[in-house]
Amino acid sequence: MKIRLIFFGILALALVIASYFSEYLCPYDPYLQDLGNAKAVPSAAHIFGTDRYGRDMLSRVIVGSKTSIYSTLLLVAFITVLGTMIGVFCAWKGTWVDTVLMRISDVFLAFPGLVFALAVAAALGGGVHNAIIALGAISWPKYARVARSETLAQKETVYLRAAKLSGCGTWKLIFKHILPNITGPILVTAMLDIGTMMMELAGLSFLGLGAKPPVAEWGSMMSDTRNLLTTHPWVTLAPGCAIFVSVMIFNLLGDTVRDWLDPRNGR
Amino acid sequence: MTEVIRYEHVDISYKGKRVVHDVSFSVEKGEILGIVGESGSGKSTLIKAAMGLLGKDGLVTRGDIWYKGMDLPDLKPREMRKLCGTELGMIFQTAGSSFCPIRTVRAQLYEFMTEHKKIKADVFENQAEELLEKFGFEDPKRVLDSYPFELSGGMQQRVGIAAAMLLNPKILMADEPTSALDVTVQKQVVEEMLMVRETFGTSIVLVTHNMGVIRAMADKVLILHEGEIMEYGVTEEVFEHPESVYTKKLLAAVPKLRR
Amino acid sequence: MKKYVLHRFLQLIPILLGITFLSFAMMRLAGSDVVTEMYQNRGTEVSQEIIDAKRAELGLDQPFLIQYGRWLGGMLTGDMGESYMTGKPVFPTFLSKLPATLLLTALSIILTILVSIPFGILAAVTHDKIPDLILRFFSFIGNALPNFFVAMLLMQLLSIKLQLLPVISDGVTLKSAWMPALTLAVSMSAKYMRQVRAAVLEEWNKDYVQGARARGVRSRVILWKNVMKSSMLTIITLLALSIGNLLGGTAIIESIFMWDGVGKLAVDAITMRDYPVIQAYVVWMAIIYVLVNLITDLLYHRLDPRIRLGVTKG
């Protein structure tokens, strides 16, 4: 179990670091056009071949990781923090603030999956940033819900009452006692969400609502090259496989973290 | 008296770890054997082994459990199934959770019967009602109509015993049948089991950590500690003149017991 | 039960108000000046007077909340404005495209059920043995594939290599529906099979299974009559929840396969900034989703005797 955790953790970390330094890792300039060498079949020089402008696909896939992986992680980190803050706040405050915020989250949860994200993206216009805002808008309620119910459970524990009675201040209670105890479930939710978010971000880009060509992003690259699928499948399949592999690594890591934190497994 | 079931040098391991070691005993017709021990002493495992309920992690690694010339751990699941319910009955700590929560008692008892023999619904109805009446239920129809969760804890337990007796098994394996109940209800359940022995001549293997219940019911008692037999003998003698150190400590730990 | 139904319907009101308000506000903020937008889209130059007149006609000079009230009133009578692009009323257009999406959704749900329920059960009963491991492997792969990628793989395989099904739909026919439905079903089955497996496994480990075994009931009977009956409740609920993902997912798949449903309508509208159409899509999809969830919830209450008989503790 522990070995699995370390293995996938390192794999995912490597992916993240690679995506951060992606510019320095690609063999060619991902935006350099070479029309003389367009739609080249995969070869030693161009492992994934080249697209219709003669751009090296491998380099584009590598650079694409910056948007796809790095942005997704930022997004997940952001909504995790935001959602947790809202959830803890609601649980701690109670009263009408809680009711109002939870009703609002109900409304957000009432929109089916990507429908709302489509609407937000449409309202704000294209671009990676707007796509991220759109996905953030549909996913914070989930975190707020988890954080809220976990905090409520913690509030009822004997040790917290004891801490409170012994004169522990609100902030100290929240930061020292509540947050450390609710991070587990929230972390699991977040880890398992990374893959989904990655796919949804790519989906929005695929529709032209996220990253736009020529920016290298896996979803938009696939959309951009999809009419080459019949004749030059590698151009489309390369970014597709990149999404597949990264989602799989993060899902495996998420599953491992969940199993690891599951009290039934008795670490 | 005739011997009904005999354990011979039984070893049981769970997930590769030995939990029961070299246990031998036998139960005669109409006899009540109490098996006492702390939780984790392997006492429930002993009766589960006879019922084939050890699950995929548990295994009888040595010894035999003889019933009517059959070695129970060696039986194929298909043969074992036919014995369960008809020859060997079982009652659980919480009988309520031994029934599926979203089906009525009637549906489940009928299913139980039809799994073992062909029977018409109205014949079953009469038999079940008659049996429940014997167990002191005034309105058997209502009990049969109920979902398990609609009955109180004590009622559930009594229905559990009645259900186990539906096909008149020779042995009743009782796994902590009183532990989850209030003291007043405990008494009722103890009387019920004594009645079963009286009317049906059933042998009972009673697993519990409650010394009071043992003293009230068991003819013989077997004291189990960490999977090994500490003492095995007639209840009166074990209680009055315990031989092993462990038994003495166990008896000393129990508050005054007088019948 | 009656009281519960009433309670649920009352709960629906603030949710529906929230949905409509949010959809309205978002589109109004986006298309801040609807009138200029409208004329720009139609490609005609107009004077300021005409614009002002049109604004007054549409009530855009009124305060925001009054505009929302009017819009809501219009929505209830089936008037959701006109498309900037075609000038046709939005609601009838939406309604005319809805059957295609419903057909696609229904077909993919049926495919999903046919695949994931039997395999999910198989995986649960062969827990940690070979069939379970194989099925889990496939479900894992499916979970990591975005549906547009699945679409392309299926196109490559079924349409181009094997030439079994048409790549692009030629109208709303059952034959053209197979490809998009299959695509949606692949992604959904992968997720759903996992959930079915978990639900069955949870029931399978409950005490009553051991109780039934001790009574000598055959495994087959325990599984089909007891375990399945209990886990069906969870399975139905989970299915309804995944319908939400499906409704959102159709948009991408419909536009890939040129399937003429509301999803494609919306995606086209987004590229054209045709806000009334997007608005109608968002509001109605959310309403459909909320209603599906409500029906599931009521069904759950109907089926579970513990809740039906008002016993809170099992």
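Note that the chains take the letters A, B and C in the order they are written out, and that residue 1 is the start of every chain.
Simple rule for what comes next: a contact is a pair of C-beta atoms (placed from the backbone, for glycine too) under 8 Å apart; a residue touches a chain by one contact, two chains touch by 3 or more.
Just so we're clear, the structure is a prediction, and the values are computed from it rather than from any experiment.
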Note: chains that touch chain A and chain C both are none
Where centres are the averaged C-alpha coordinates, which chain has the largest centre distance to chain C?
B
Chain centre separation in whole Å, for chain C relative to chain A (CA means):
22
How many angstrom lie between the CA centroids of chain B and chain C, rounded to a whole number?
51
Mind pulling up the chain C residues that touch chain B in the complex?
206-208, 210-218, 221, 225-226, 229-230, 233, 304-306, 309, 311, 313-314
Under the definition above, what is the set of chain A residues touching chain C in their complex?
103-104, 106-108, 110-125, 195, 199, 202-203, 206-209, 219, 222-223, 226, 229-230, 233, 236-237, 240, 243-245, 247-248, 251
Mind listing the chain C positions that touch chain A in their complex?
14-15, 18-19, 22-23, 26-27, 29-30, 140-141, 143-149, 152-153, 155-156, 160, 243-249, 251-252, 255-256, 266-267, 269-271, 273, 275, 278, 281-282, 285-286, 288-290
Of all residues in chain B, which touch chain C in the complex?
51-53, 81-86, 89-90, 92, 94-95, 97-103, 108, 111-112, 115-116, 147, 149-150, 163-164, 173
